[in-house]
Structure formats: C-alpha cells, structure tokens
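What follows is a set of structures to go through.
Next, two complexes with subunit A in common: one pairs it with subunit B, the other with subunit C.
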Partner chain A sequence: MNLSRRDLLRLGGAALAGASLVPSVAPAQTPKRGGTLAIRTWDPPHFDPFQTISYKTHIALSFTHSRLLKHKAGPGVVPGTFPIEGDLAESWTQPSETTYVFKLRKGVRWHNKPPVNGRELTADDVVFSVNHFLTAKGNANAYMLRAVEKVEAFDRSTVKFTLKEPFVWFLDMLSNPHAVAIVAKEVLDKFGDFKKHETVIGTGPWMLDSYRPNVGLTFVRNPSYFLPGLPYIDRIEATVDEDNASRMAAFLSGKYDLGWEFPGTVNRVDWVQIKDTLKQKRSKLQTLEFPAPVMSHISMRTDQKPFNDVRVRHAMSLAIDRKAIIDAVFEGVGAMNPPVPAALREWSVPFDKLGDGAKYYKHDPAEAKRLLAAAGYPNGFPGTMCFTPYGSTILVDAMQLVQKDLKAVGIDVKIDQKEYGAYIATCFYGKFESMTFGPQTGFLEPDNFLFGQYYPEELKNQSHINDPVVADMLVRQRRTSDVAKRREIIYDIQRHLAKQQYYVQMPSGIYIAVWEGALKNYGPNMGYDYGGRLMAAWLDR
Partner chain B sequence: MLRRYLAKRLLIAIPSLLIASLIVFTLPRLIPGDVVVLMLAEKAYAKDLDELREKLGLNRPLPVQYVEWLSKVARGDLGESLWTKRPVLEEIGQRLPVTFELAVLGLTVALLIAIPVGVISAARQDTIQDYVARSAAILGLSVPAFWLATLLIVLPAIWWGWRPVTGFVEFSKDPVGHVTQLLLPAAILGIAAGAALMRLTRGMLLEVLRQDYVRTAWAKGLGERVILMKHALRNAVIPVVTLLGTQLPQIIGGTVIIETVFGLPGMSRFLFDAINQRDYPVIQGVNLVVVSVIVLVNLGVDALYAVLDPRIRY
Partner chain C sequence: MAEPSAAVQGASSGAQALRGVGRFCRRKPLGALGAFIVIALLVMAVFAEQLAPYGYDETVRGSRMKPPSAAHWLGTDNLSRDMWSRIVFGARVSVTVGVATVGLAVFLATAVGVSSGYFGGAYDLVVQRVVDAWLSFPYLVIVLSVMAVLGPGLLNVVLSLAVLIAAVNSRVIRGATIAVAQSTYVEAARALGCGHARIILWHILPNVAATVIILATIGLGTAILAESALSFLGFGVPPPYPAWGAMLSGSGRTYMFRAPWMAIWPGVAISLAVFGFNMLGDALRDLLDPRLRGLAR
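Showing the complex of A and B:
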C-alpha cells in the first residue's frame, strides 16, 4: 500500500496509526520454498545476547534463536501492534496473578551443530536460559524480567514462572526480541560465553552458516525447524554496509530486498531523493508507512528552579513549533506524540482524548511569554541544554529549531554538546544542571516509556520527577490485567502528564518500510525481530 | 655505515614507541564515558557498572593496567578485545592485510599519477598540458575522498543501476574479483596523494632542469628522454620519496572512510569502531601497529635516499 505525503498529512499525527494503514492482504497464493533473500545488516559487536543491548546482535539472533513467546507477524498485523503468540511455548496459563505456566512444544530440536548436535530441547533449557538472563553480569536487559522470583521445570515440557509481584507486562517482555533467547547450557560450558559466532546455536528457523567480520552473515534454512514446512526462504544473505551512499546505491541496483535502514525502512530524506528513480528501476517495490517509536524530548530538572514551576514547563512546551520541526526535519511528514509515542497505537492516547493538557502541545509563543512572566521570569532565563548528535543531522536540525523556539520566548539556551559516551554516562541518566535534549529508545510497550521515565528514583527518570499521583497510577497499571482497564489507566497517566509537562515531547518521523514485490506474506513492523517477520514469508521469483 | 645508522634509528624508535604506547593507552581513557557505560548503554544501574568494571579489570589504578599491558605487549600479546573477547593480535592479523593492500595500491596509484604527469608537466612548462595537469592536481587535492567515493558509487547506481561489488571478495576465493574490488577504492585513495606528489615532482624537476649539469647535457646533444629520466628525475625525486613517507599516515587515515564506504573489512574501520566502543585493548593494539609501521616505513625511506643518491652517506 502506498500513501502519498498528502494522504499522510491529511491523516495527521496519531491518526497515522489508524486502520487505513492496515496492509492489504494479497490474494491467497501457494507459498514457494527456496530462494535467497538479501538484506543489509550491521556487524554485531559479538553474539552474546546476555552481554549487549545492541540491535546488531539481537537482529542477527532473531533468525537463529527462539523465545518462549513472540510477536505475531505477517501482512495482517498492523505496524505498531504486537499481538503475542507462542514460539517455543505451545500454550500457557496464569493460575494466579504472580504465576505463569508454559507448556512447551514437543519435538523441538537444537540446530545440528556441536556441542548440542540437534538434541531435543527441554524445559531445563528454558530454565537455564532465563536464569542466565537474570544473573549474567553485564546483562543490561535483565530489568525486563526484574519481577521474576523463580523459574522451575515441572517436567520435560512444562515451565513455571513465579513473580515477586503482579506484572502484567510479563508476557510482552518474554515476547520482546531482545528478551530471553533460549540457549543451550552445553554451549556456555564449552565456550564460556556466547560471544563467538560458533556459539550461535538455537532452535530458530535459520542457522548461521557463516560470519565474515565487517562483511556479512549468511543464514541457511533449519531443516529441523519445529514448524513443519517453515521457513520458506532457503538462505538469507545479510551484508554489513556502514555507508549510507553505498547502501542506497546497492538498493537502487536491486541488491537488497528490504529497505536498508532499521527495520527494513528507507530514511525519508533519501526516499524523497530516490523514489522517482526507484519507480523506474524497481517498479514492484512495496511500501508501507507508519510512525516511528523513537521520540525525542526535552528533559529538565523539575526538582529545581525554574523548572519546578509548572507554568515554566507549560511555557516551554508552548514555545516549541512542532509543525515546523516536522516540516524541517521529517520532510513534512510526522506524528505528534503525547507521553506514549503515537507509534504504539494501542496505548498512545489520541490528542482529542488528551483533555486539558492537549493545549500545551500547540505553538503559542505569546501565551508562553505570559506564563513565564506570571512565573516571575518576564525576561525569560538562561539555561544549558545537554545534547549529543548520535551522528544524525536530523537530530542536530531538531536541536537547533528547539533552541530557536525557546530563544523566541526568552529562554536563552546554550547547547552543551557531548560525545556519545559522555552523554550516556551523564545527561541520559539525569546528571545535568538544566536541560537535556535527545531521543529515547523506541520501546514496543508503554511501560518502558512511562515507568522508567516517571517513577521516582528510576534510572531513566531524567527529569527527577517525584509525583505521587503518577507513581500510584504507574504501579496500578502494572497490576491491572484487564487490557481495557489498563489502557484507561495509561490514558489517564498521559492526560495527567500532558498537564504537567515534565518532559516536552517532540514529534516522530514516519517510517517508510520498503520491500521487494517478490517477497510475499511479509508485513513490516517495528523492533528487532527480522527473523520472526520473515519466517513465513516466501519469494516468488 | 648504513647498517649502523639503521640500528641507531631502530634504538631511537623504541622510546618513540613507548611514548606512543603511553599516549594511546591514556587518551581513550580520558574521554568521558567508559567502555562499561557504553556496554550497558541506557539501562545500567550503578551496581551493574561497578560489577562489570571489576569483571573487566578496569577498576584497578591506570599505572597498574598500563604496566600489565606493556609487559604483555613485550611478550607479543596485545590482549583481548573487551567486546568480542578475541585476541587483538588475531583480529589485527585478519584485518591488517586488507588495509595494507589498500594502502599499497593507493600509493601505487599515487605514484602512477604523480611521476608521469609531474614529468610531463615540468618538461612542457606553461603549455596547455602543464595547465591541465596543474588544474587537475588542484582539483585532486581539493576533492574530499569521501565525496568522490560517494559520487562514484551513487551516480552509476542512479544512471545504470550498477554499483561496485557489495561484500568483501577474498583473494583465496577469487583473485581477480579481489583485485578488481580494490581498484576503485585504491584509485580514490591515490588521487589526493598523487596530486600532492605530482606538484612536488613538477616543482623539483623544474628546479633540477635549470641546473648547470642539465644545461651541459643539453649542450652535449643528449635526447630529452635521457636528460629527463636519467639525469634530472633521479635527483628531483628525493624530496618526493620523503613526501611519500609522510603520505602513508594520511593514506592510512583515508582508509577509515574508504573501507566504510566500500565495505572492506580492514583495520581502519576496526579502529574506528573500537574508538566508538572504547575497546581499549583494540585501540592500543591497532595504534601501536600503525605507529610501528610508520616508523619502519620512514626508516625505509631514509635508507632509500642512499640508493637514489650515492653521494648520501650515513
């Protein structure tokens, strides 16, 4: 489905994630086995999923490893939604608020490589993997399962999790492609960790055939994959391609079947430049657009003057011309974000339901000046803004526009630009004097956006927020298993936060997912699960 | 005498290498944000950071870490990458040949451009050939390698749907494909160096051509080719050889971008990634190897003077 820019603008903001973006399902065709799919990839720092949060590693392992649960994929899944289905788990029950029991599929076999040599997977493997995930030093993803008290194997195919407290996002965490990849203990015993490429042994649809550092990875079909007949594609050639011009040229000349940027998309600035050429050279390309979950925001020391005055925070939000940012940095196509990004369409509150706080997302410099004067700052105030460019010119442009907008209402911002490592070590964790501007990780569920950023003493509570009303709602949503009720709490949280403006949210860009027309039964979505999205796809060429 | 000179220079190189080792050990650690923070990125708690620092041995005093690393280096062990856990020497061993090959090919291209064009330009001073050659040299010096590389990759893709080979072709699997793949990046690397060398060749040759012994050669009725190639060029080329030695670090520096653009798994890209990831043993190891290569090349250049000009004695 192709949507023009005009269509997108008409849809506007959060509505972009609406039903009109559901990809059309092609008339049923008989899937074909075989073929090689070519994609662009990144060189993983190593292959140990318990030692890195790097997407470079987790994307590679999405082809080779299974999880207990996974996100459904395919053309029928609307991007920005993440329905859960069993991966190694055939079924699961929740006997109590803090207990989950998973029944594993029978006959699942490890890749036929030493030291496991295709032996059958058991519940002990799952218990080992979860315990390793929770205890491995240096696993920055361990927070995802912080609620787990213990995990036990009942028999060869039953695993029981006991949580310390109710945590309704538990199944979402298990489904997340950077949560627990199921690994074999023998591999750890033999190699000491999972860093070497020889350790890439899973139960996933493809097996790692070769790894050439800084060059590429080749995956071949796992003939013993537990879902009969799957995967359809025989071979995945993933090429490390670190230069944008190089990968753009490769895509133009038909060498990649998916868009070259994460997650199978094409950067809009590049898209605008090459779309006409692409129409001529690759007329069968399919595209689908949906909002990106990556959202930048201004964080500020709300525990100190002047940001402890809500009128100052309102003024800051009113000072920002979000439409101008969309025009300037996203080629005129973007999505307005409340506290949960519009990309998470099931959880982001639509602006028409945001209540009184919605008015603070409008551009109104006159009102901003009035509020600053009322707060005792008729001439504004000076401040510093910690920032790192992440190697992105788009981000630098956005930062400059924010600086200009704030200056227009009297807030004289001096940019304190740091190198990435220095930025992460300080400002990203709230260690700054005045303000910080930067993007946040594009999580796939709202809890990470909300709990981490707003709960007192949380690591990513960059704005130093201690709001008992928010804290109470954040805990409540984690304990509310009824999805509709939980959504209402999350909407309420966003309504409250919109009125408080602890962070000033910026708009997000719109992803342009692009894939070769010969690739059938494929549906793009966010996240690292390339393997999951391609598992049931097939090539008609 | 030459041997004694070289031995003396090698001895002098040891303190240089020690100073370089101290610099490459210290500087990456002075950049705010250490490897542990980057490894744990956005999700680390103070306890996790401390635990990982202890696990990697980064919680010990810097002098202790330096001495330990240096003693390992003396035994030929450059340590292990903090990220991949692979021996740095093994990683460098895989990548150094690619960078070395690229640099040598780049230098060859530079010489193939510089010497003939410089000679023609000097021999035909103030003619149309000279103007064209000098203008081309200015252009070659002005055009950044990354821009030229981008154009050479993108434009053929837009016009003809063609782009250079993606992925690295190993020599053992396809020697012709391997060399062909390196030609374009080597040419781009060689252009800027070639332009600088060409201008120097021209300038030096013009100076030599005005000397009395050349006038005598003309008076003797020797042919232009003999005068240029046998009598003049050999004397003019000594400063060019010196410049060639100093061009090597620049060419190696240029390989960082060229390797990235052309997807070549060389050492420069490895170093670039290591700096971004604060992979200290890799940064230290690669820099030490690069410094050693540069010291050795310059030593070779010094030795070459005596070959080019027998009057030079050490």
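Showing the complex of A and C:
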C-alpha cells in the first residue's frame, strides 16, 4: 500500500503502510529450521530485570525468559494492537473481579544450566518471581502489579492471584515485556541477584550462549523449549553498535536482518538517504510503517502560577506548530497525538471525536496571544524548561521549534539542560520549577499513559495534576471490564484532558520497520519483545 | 605648534606600524593569513548581530535544507534557518570557549609546569604524581564527571576543558623549564643573587614562551573540537544558540548525505579557526622565541 505523506497526516497517524522494496508474493511455505539471525542490540547495564527499567536489559531477556502471558506476534497482528495469549500459562480464568487463576503448561523445563540444570518449572517458581518482582528493592516497574494482594500456588501447575481491588489491565500488565520475567529461586540464592550474565537462565525459546561486554550477545536455540518445534532459528547474533554511521554501513552491507533502531526500524531521516541504495543492494527487504508510541510533551507546574490558569495552557498548545514539527523533524510523516498516543490505535481517540478540546491542537498564535492577555499576561512571561537531549538530534530539533513557537507568543523559555541521570532523577518525576520537555516511555496500553501521568501523587504525574474529575474516570476505567465501555471512558478522559491541556502533546514519528525478505512469519510491532516476535519466525536462505 | 608636531608624530608611528605589518606579511605570509582569519573570527564574534542577515533561531518558511544560493549564501538547515547567520553567531561560542579555555589552561599549566620544573625535588615529585594520576583517566570521563557535577553551560565547559588541557600541557612546560633552568644564563642570574621570582619571570618564562604559544595554538583547536563533543552529548551551550561543533555533530552529521552544507560549513569554520590560530601562533613563536628571532629575520 502506498500512502503519501499527506495521506498519513490526514489519517492522524493511524495509517499503516507496508511494502517490499520489490513486489513479491510469498507463497505459503513450510517453515525451515536453522540459520542465524543477525540484529543490532544495546549493551545491557546488567541482566537483572528487577533492578532496571532499561530496554537494553529487557530486550535481551525477551529471548531467554518466559512470562505468564505474552502478546501475540506474527504477520497477522496489526502493529499497535496487543492481543494476549498464554506463554507459560496454558489457560486462565477469572472467578471474580479480583481473582485470577492460571493453569501452567506441563513439562516446561528451565534451560539446562546450573544451578537449575533443566528441572521442571512449577507454580512455586511463578509465585517466587511475582513476589520478587513486587518486593525487590529498586524495582521501578513494581507499580505495574501494585494491585496484587497475594499470589499463591494451589498445586504444581496452578497459580492464583488475589487483587486488592478490580484492575482490568491486570492481564495486559502480565503480558507486558516490562513485567514479570519468570526466574528461578536457585539462581537468586546462588548469585544474590540477577545482574551477572551467568544468571540469564529462563524457560524462553533461546539460551544465552555468550555475552561480550560492549561487543555483543549470542543466543542459541533452547532444544527443550516447551512449544514443540519452536523456535525455528538456531542462533541469534546480537551486535552492540553504538555509532549510527557504522550501523548504517553494516545494514547496507547486509549485516543486520532487522532495522537497526528500536524496535527493528530505521529512522526516516536515514531511510530517506539509503532507500535507493537498498533497492539495489538488498532488494528483498520488507517494510511496514506504523506510528511510534513514543510521544514528547511539555509538562508544567499546573499547581502554580501561571500554569494553573487553563487559558495559559490553551495558549501554550495553540502556540505550537505541530505540522511544522512533523515537517522538520519527521520528514513530513508523523502522527498527531491526543493524550493517548495515536500509535495505540484501539485506545487513542480520533481527532474528529475529540470534541471541543480538538481546537487546542491547532496552530493559532494570534488566539494564543489573546488568551495570554486575557489571563493577565499581555506580554507573555518568562520560564525555564528542563530538558535532556537523550543523544537524539530529532529531540533537540523538536525542542528548538517548541522554544521558538512559545517565544513567538511571548513565552520566553530558557532551556535548563541537564545530564540524563540528573534529568531522570528530577524533571522526569515532576521535580522542576516551571516546565519540562521530553519523551515519555512508549507504553503498550493506555493505563500507563493516563493513570501514571494524571492521577494525583503518582510518580510520573509530572504536571502535578489534581483533578477530581480525571481521577474518578481513571479509577472507573480500571474497574470496567467491558472493553467497549472502558474505551468510551478512556475516550471521555481524553476529551476532558484535551480541554484542560495539562500536558502539551507533540506529534510522534512513523516507524519504518524493516526486515530481511528471507525472514518469514515475522510481524513487527512496538515493545521490547524481540524474542516473542521472532519465536515463530524462520529463515529461508 | 605642538598639535602639528603630535600629528606628524602620530602619522609617523602609524606609518611605522603599517610598515611593520607589511614586513610581517612579507616574511610570514601564512602567519599573516592566520592573523587575518583570527581577526575575521573576532569581528564575527563581536559584531554577529550586524553581520548576520537573520537571527540564529529565525526560521525562513519554505526554506528547509536549501543549498547555498544568493538568498542564503551557505544554504539553510533542517529547521529552515540560515546557515551563514548561524555560523556567524557560532563564532561567538567557539571563540569564547577556545580563547577562554586555552587562556585558563595555559595559565594553570605554566604555573604548575614552571614551578614544578624549576624547584624540582619533593615538590616536583608530588606534583607530577598528581598530574600522572590525572592523566591516567580517559579525558571524557573526567570532563563528563565535572560537567555532571557542575551542569551544562559555557562557563562549565571552559572550566572542565581548561583543567584537562592544563594537566597535559603542564608536563610539556615542565620539560622545557628543566632544560632552560640548566642554562648558563640562569646559573649566572642565580650567581648574581637574583631571587626565584626574578629568575622565573625574567629568564625562565621568556624562554619557555615559545613552547607555551605552541601549546596554546594546538589547544585552541582541541578546545573547539572538545566543545563540539560536549555540545553533542548535551553538556555544551544549550540549543538553539549555535556552536559549530554542535552544528557539525548534531543535525549536520544526521543530514550529511542530503544536505552536505549543513556539515561542511561548520567543519570549514572549525578548520579555518584551528588553521588561523595555528599559523598565527607559529609566526608569533618565530618572532618571540629568542632562539628563533634571528632566523625569522
């Protein structure tokens, strides 16, 4: 399907475009065993999933570890949707609003490495992993399962969760690759934590064969994997490659089978430069485009002047020329975002259904000035904007445009640029004086975007919002199991938030997922679950 | 009567200065070229507002990544900003960082190197071990650590780079000082009863000046390049204020294939600045070094 930039913009980023560099029709084929898949990766700070939120660690462990549930993968799954299926869980039931019972697969074995040496996984392992996830000191992801009151093993293959209150996103949280990787107690007893590469022992489709710090990781097929015949690919060679020119050259020469950027994509800026060369050198490459869930926004101290005045917040949003940002930093191809990014196509409210608040996403500097004057700031006001570049030219460019747009209506922003660590420790968690500009984690469901950022006293409530109307709706959506009704509540939340503009949302780019034509039965999607997406893929070369 | 005499005297000293400049240009053409570049940079830095046709953050609608033309001499960047204007404003950052860093570094290095080389003994031993320890760390680790504590910004870039460059330079200056301190004229000054301060100021410093000037000129290029690296890592002058290094390593590198002028012009500016300072430094060394002064004529 060929879509112009204009088409993609018109579709508000919910569009998809998939293509091969040359037209090809793949007949149904029998999967082949064997082969080595080469990808670019990032050097993990360590391998303990309970001690870091780093994608570098979680991507590596997606090859080696299982979860109770997982997101379905493959060419049939539309990117931006995350249907749930069992991973270690064969089936599950929900006897009440606050109770979930999981039946584990039988015959699941740990990797054949000491100290577990291929023993069979039991319900106690799941109980141990969940409890460790909830209690491990420094686990920044623990909030995902904060609703869990207790987890118990009924027998060797049955696990029961009891929640403190209804939490309809519970299964989504268990499926999320950020959440509980199932680990063995013996490993913790032997090593004290899971940081060393020797502790990478799971029940996943591949086993860590070698780890070369700052060089790469090699994964080999787990011969005892619980799904018969899977995985098809024998070996995954993951290379740490920190220089973009080097990565681009390597990709052009055919070294990598997936796009070198997260999650198996190529940045559009680079893509525009190399696509013609690729047509000649790697004509069988496949591509698929879908909006990225990573969205930047301006957060501000809405508990203080001048941002406690809704007219000021409206003015700020109206000052931003989002189309110019898309043109300048996303090569003209981007997605406008309401409070839930357009990438989450099942939950993001379309702009034509956003209601009155939709008008604040337009660029209208004259109206912005009028609103500022009405709020008592006819000459605008000065402010600081906390920022860290994340090593990204795109982000730096977007920030400059935001600063220029705000200046044009009289808001004179001084950039308070911080080192990444300092930024995460302060501004990312709302510790700033005036404003902050930066990207947010690309979550895979709306609750993380909404509850975390808008519920009073939440860590990531950067704008210090205390809005009883929003808080009530946020709690209600967490208790509404009917998906259609929940979607309507989430749409209502976004409509309310669009009128309040507690955060000024920026557009997102459109990912270009790229993969080698010889890689069959692969479907790109967002998220860290590289292993899950490759588990049933196979190589035809 | 006095006025015409003063005017004649003024004209005569002006003519003398012009003749001196002419002589310098004939004898040291590369040095003269270097001086011209350095003066041009200084003029750009001081009069940026007057020389630049656009503001450094002013976008020109419909002019994204336009190649050099009559309207935009050096083209435009990915945010539709005039490259010439940004290069002109960028001179302010580069010149400030380069000169301030090297000035501070040379001052520190000379103080440490000369005192260490001249006094020797236990003082030298202790100071040099501290310098050894300092040099054993990778430079980026030190700079990033300093910047992490102090935070990003022009002053902190200058401080962190100056301390680093000073450590390297002090070792070289110490070597030159040891050689000079063993000269007969220093021994003679000592025999005549000159104090340490007089010997250092009148006999040592002028004779290590050539080394200092060379180190300073090399350091200017290093400082400008290091500033660019720090800017890329987010520790330099925060955008949108342009710094050549950041222009080169940021969007310049990203769009290098499609809009090469975005990388070429900042690169040319950095190269010219380094070349200019080096050539001027070489020529000054030839003129100032007592051993080379005769050769220079």
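Following the convention adopted for this analysis, the second predicted complex is superposed on the first by the 515 of 541 C-alpha atoms of A that agree within 3 Å, B and C clash if a C-alpha of one lies under 4 Å from a C-alpha of the other, contacts with A are read in each partner's own complex, and residues count from 1 in each chain.
We take it that a contact is a pair of C-beta atoms (placed from the backbone, for glycine too) under 8 Å apart; a residue touches a chain by one contact, two chains touch by 3 or more.
Please read all numbers here as calculations on a predicted model, not as lab measurements.
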Fit or clash - subunit C, subunit B, common subunit A: clash
First (subunit B), second (subunit C), both or neither touched by A:Asp327: second
First, second, both or neither for A:Tyr420, with subunit B first and subunit C second: both
Greater residue coverage of subunit A in the superposed arrangement, subunit B or subunit C: B
Which superposed partner A:Leu401 touches (first subunit B, second subunit C, both, neither): second
First (subunit B), second (subunit C), both or neither touched by A:Gln304: neither
Which of subunit B and subunit C A:Thr239 touches, first, second, both or neither: first
Partner chain(s) touched by A:Thr135 [first = subunit B, second = subunit C, both, neither]: neither
Common interface residues of subunit A - those touching subunit B in one complex and subunit C in the other: 245, 418-422
Complex contacts: residues of subunit A adjacent to subunit C: 245, 269, 272-273, 327-329, 387-389, 391, 393, 396-397, 399-401, 403-404, 415, 417-422
Residues on subunit B engaged by subunit A in the complex (per definition of touch): 31-34, 37-45, 48, 51-52, 55, 83-86, 91, 94-95, 149-150, 153-154, 156-158, 161-163, 166-168, 260-266, 269-270, 273, 276-278
Sites on subunit C touched by subunit A in the complex: 57, 59, 64, 78-80, 144, 147-148, 151-152, 232-235, 238-240, 250-251, 253-255, 257-258
List of subunit A residues in touch with subunit B within their complex: 43, 45-46, 51-53, 137-138, 140-141, 143, 193, 195-196, 212-216, 239-243, 245-246, 248-250, 252-255, 274, 277, 281, 418-426, 428, 441, 459-460
